[in-house]
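First chain written, first letter: the chains are A, B, C and D, and each begins at residue 1.
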Amino acid sequence: MSDSLANLYQQVILDHARQRIGYGQLDHADAERFERNPTCGDEVMVRLALEQGTDRIASLAWQGAGCSISTASASVLAQLAEGLTLTELQSKIDAFRAMLRERGDVEPDEDVLGDAVAFQGVSKYVMRVKCAMLPWVAAEACRGSLT
Amino acid sequence: MSATIVDVSQPITDHEVNAIRRDFPALLESVNGEPLAYLDSAATAQRPHAVLDAERHFLEHHNAAVHRGAHTLAGLATEAYEDARSTVAAFVGAGPDEVVWTANATDALNLVAYGFANASHGRGGAAARRFALAPGDEIVVTEAEHHANLVPWQELAAVTGATLRFIPVNDSGVYSVGDAAAVLSSRTRIVALAHVSNVTGFVAPVAEIVALAHARGALVVLDACQSAPHRALDLPGLGVDFAAFSGHKMLGPTGIGVLYGRAELLDALPPFRTGGSMISTVTMTDADYLPAPQRFEAGTPPVSQAIALAEAVRYLQRIGLDRIERREELLAERMLVGLAGIPGIRTIGPGLGVPRAGLVSFDVDGVHGHDVGQYLDARGIAVRVGHHCAQPLHRRLGLISSTRASAYMYTTTDEVDRLLGSAHEVRRYFGAA
Amino acid sequence: MSATIVDVSQPITDHEVNAIRRDFPALLESVNGEPLAYLDSAATAQRPHAVLDAERHFLEHHNAAVHRGAHTLAGLATEAYEDARSTVAAFVGAGPDEVVWTANATDALNLVAYGFANASHGRGGAAARRFALAPGDEIVVTEAEHHANLVPWQELAAVTGATLRFIPVNDSGVYSVGDAAAVLSSRTRIVALAHVSNVTGFVAPVAEIVALAHARGALVVLDACQSAPHRALDLPGLGVDFAAFSGHKMLGPTGIGVLYGRAELLDALPPFRTGGSMISTVTMTDADYLPAPQRFEAGTPPVSQAIALAEAVRYLQRIGLDRIERREELLAERMLVGLAGIPGIRTIGPGLGVPRAGLVSFDVDGVHGHDVGQYLDARGIAVRVGHHCAQPLHRRLGLISSTRASAYMYTTTDEVDRLLGSAHEVRRYFGAA
Amino acid sequence: MSDSLANLYQQVILDHARQRIGYGQLDHADAERFERNPTCGDEVMVRLALEQGTDRIASLAWQGAGCSISTASASVLAQLAEGLTLTELQSKIDAFRAMLRERGDVEPDEDVLGDAVAFQGVSKYVMRVKCAMLPWVAAEACRGSLT
């Protein structure tokens, strides 16, 4: 059992779930999006602020209640997003989604995804893929509203 | 099951459970390298060989459409199908004409609600007028209902103008006869309640509520999903007017549910689904309906499922419903005592010493339900996490979700102990303790 | 089935049929000392081992409640269940979100009719307004419909004040596109018709009627019960808006049916049954519904039945739907020619050379249908007698009942010849010739 | 096969189905009852006339459309009923019903039932028992309305 569990709950994930990078409000947000997983009722609000006059992300913040996977995923996302252009953000979202859909068949690129590669193990748990995607789906919608 | 049954008032013994388990192939599965501990029988039960074999035997030898054919197979199929009805009816103390096959318990409850709605829209002739609702009428449910026994009544209220009221629960998720009496009035037309809560395991004071309801001229609809599989039921004795339960929670198949209705009411209630096999005469403009139960069984019914469900009932009867109930009481107590003793774990529902069904729901402080469930699953323990289709109850208890462990006749003491052992560790794992 | 499939445009050969038959245990039965000749597949088909095995394998190894659980078995069950939906959807050219599991085809047709009724009662919000009916609106069916595709529309008309009109049939029980055009108008909101008649075998001009209906702003509901099992179907290609069929007529289980609906329509149609698994948020007063298909699947669905049905579909695809259709055409022709040549026997439906499904209904002058059926049954031949749930059509043809012989992919030429031989003798036996 | 068929369709039944004793109207009827088998749509109207001032049956007539079993059964009933008192009629109805419910386990009494004993074979065909009973149920209702 320990194998399968450790594969899903990588230490990075457990840590992020506790640290919650980017948890909170923003003084000013250029976009915000609320997402909900109807199966479990988990919710996340993602807010995004750009560096003035650019399409570069100044800060991504989130609030909500969810499982350790969705929480850690939001934390990782907030960490990763800062300083990216919206286009760069989208390519990371695409890479993250591709990794989760692959069921672990392709080795994810740590240069692109950073801590988010820890979620590779989630791809084997169909019911949890949605957990991991939840904040990223919200961020993708934020980007969509800005472009 | 090869165990010899000794005393029908005694719980099934650990030894007998071991014999029973050999009848259930799915209990032999391994999950994540651990032997499966299936503690999710309140969601759906596993099926014994006898039930699987009965359905297959029918399909290999007697399969045919029922009620419509004159050929030999059709006759055999019809006989087996109607015998199944008699068996299931007798199981709950009812006559065969008081039992309607439905798709599941949800469908059975919708059948009743739509019967009232159709009567309110003028369908069903004079006999159906007693079911017509109008503004001023009240439908009463409890705050602890499964969505299946709540949303259909919301819809009925919405289309008829009736008001939906509810019996509130206390901080443990339970209510008293007094709480019910405070809500029922002469405006009450329907009282819908669960016999046993699928979240708290609370056993409702059905007979008392029936007395209150009938004194006010209201009809009582019982959601017997969590009682029919686990305790001896005498629905006419309880006095309820309608009751619903599902095959898949009582060792039988999915795709079949049961509606019980007092004969006099069933014959007056307007039909729900319409189509073949429920009519006597059809012209291009009009149709006459058959009496109950046929009038509620439009189209080809779940034939092989009815036959399998009857076999499930016989299996339950061989074990003995009282003995099953006793056994599950012991397991529930063990779970309750064990879980309540773990720091950071809060159990939901009646406390020790109060009758409850063989299930316990609990909240783990600081750990999300899905993480609890996943952690247990990695140890081979299958429990249910979420709102268990009872969002209003969870909201009332200040929770979004909970973890539920539910036992059946085949659950071992060891499985309960594995649950307790893992529950001890879960908060530490997720850094909540 | 061990036969090697050679040319997909050719009918299944007699030799292949013999191989196919070994897959169907029920076809080995004897009836009244004679080998069973099962000519009642239009009522319900027999099931191959592969289908029985698939369901049993699921129940022995992966059985769990779907969509609600976080544990491994629940995950496996959910995956198998949703894969089954994709398989069946692809079978009719649809996307997985366009397929709703129901209890049977009758239930699927009622789902649509109640969706319209609920919209007419103001349910379902703004999106559902397009389904609301009122006096002046018209629902059009044909005079040849099965009660399942007639009575629900009568009920819908009755509760909304809409008018039910019908496309009349001629003395053979069939109608033309022109007959349909004469009835459809700008008041038409719904056109409901059978793809293939279960009495006459008539194949409706669906694409033409869809064009007529859509030009008038009406939606088309197709009863595909007798087509889905027997011919390749592309529902989006046909252009219909909704379609219904049943598992048990296509080698699958009872207890499951399928509703197809165009995604855009399904997402707007108000729910039918309400309860668990079809909601997102529930309070004591209100509920939000999930998108299709979940919003139509209240309660525990027919899980093992869906998995078995997907296996049935794979079995049909292995044989080849075009080859099945061709084979049944040949058998129908043989029946038609043979029966039409017997003095005192009148066949119903299209004549020779006109496309028809693999079934023939007939009337035996001077002998009651039940006596015909009993006589054939004594010879091991299982046919259906009665009105086949199409009373208005029989009335139009001057009959109370008829005898129907229906073939499937496993029907042998010899079985057809046994039917013809006995049909020759029946009038003499009862002193009518 | 011939065995099972001959057991159901005794020659007496086939003959009665053609002869149709008592088929037709009555000038005057003291009671009448219409019965219908909803499964098959078969119908029978039974009419009964008493000898003036007595409870003795002068004549029983019937009309309707049905299978050979229900038709022959009506014919046999009409033959049997003439001259019986209403009480005697009822005891024959009871005996007929008992025979059909027995599934052939008890030898019926030909002195009581006359040609109707030929219906014993019907008892093995659940779907046809209703056919045989149809006119007798109508006759029973006629009797009920007269006593």
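Everything below uses one rule, namely that a contact is a pair of C-beta atoms (placed from the backbone, for glycine too) under 8 Å apart; a residue touches a chain by one contact, two chains touch by 3 or more.
Everything numeric in this text was worked out from a predicted model, so none of it was measured.
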- Task: Measure off the straight-line distance from the CA centroid of chain C to the CA centroid of chain D, and report it in whole Å.
- Result: 40
- Just give me the whole-number Å value for how far the CA centre of chain A lies from that of chain D. 81
- Just give me the whole-number Å value for how far the CA centre of chain B lies from that of chain C. 31
- Query: For chain A, what residues touch not just one other chain but two or more?
  - Reply: 39, 41, 125, 127
- Mind pulling the chain C residues that touch 2 or more other chains? 32, 68-70, 74, 281, 369-370, 374, 385-386, 391
- Task: Specify the contact topology among the chains shown, as one of line, ring, star, complete or other.
- Result: other
- Which chains are in touch, pair by pair? A-B, A-C, B-C, B-D, C-D
- Query: Of all residues in chain C, which touch chain B in the complex?
  - Reply: 25-26, 29, 31-32, 36, 38, 40, 43-44, 46-47, 52, 56, 59-65, 68-74, 102-107, 109-110, 114, 118, 121-123, 143, 146-152, 154-155, 158-159, 164, 166, 246, 248, 253-257, 272-277, 279, 281-287, 298-305, 369-370, 373-374, 376-377, 381-386, 388-389, 391-392, 395
- Show which residues of chain D lie in contact with chain B when the two form their complex. 36, 38-39, 41, 125-127
- Message: With touch defined as at the start, can you tell me which chain C residues reach chain D in the complex?
- Response: 32-34, 367-371, 374-375, 378-380, 385-387, 391, 400-401, 429-431
- Contacts from chain D onto chain C in the complex sit at residues 1-5, 8-9, 14, 17-18, 39-42, 65-69, 71, 125, 127-128, 131
- Message: Residue numbers of chain C touching chain A in their complex, please.
- Response: 67-70, 74-75, 78-79, 280-281, 290
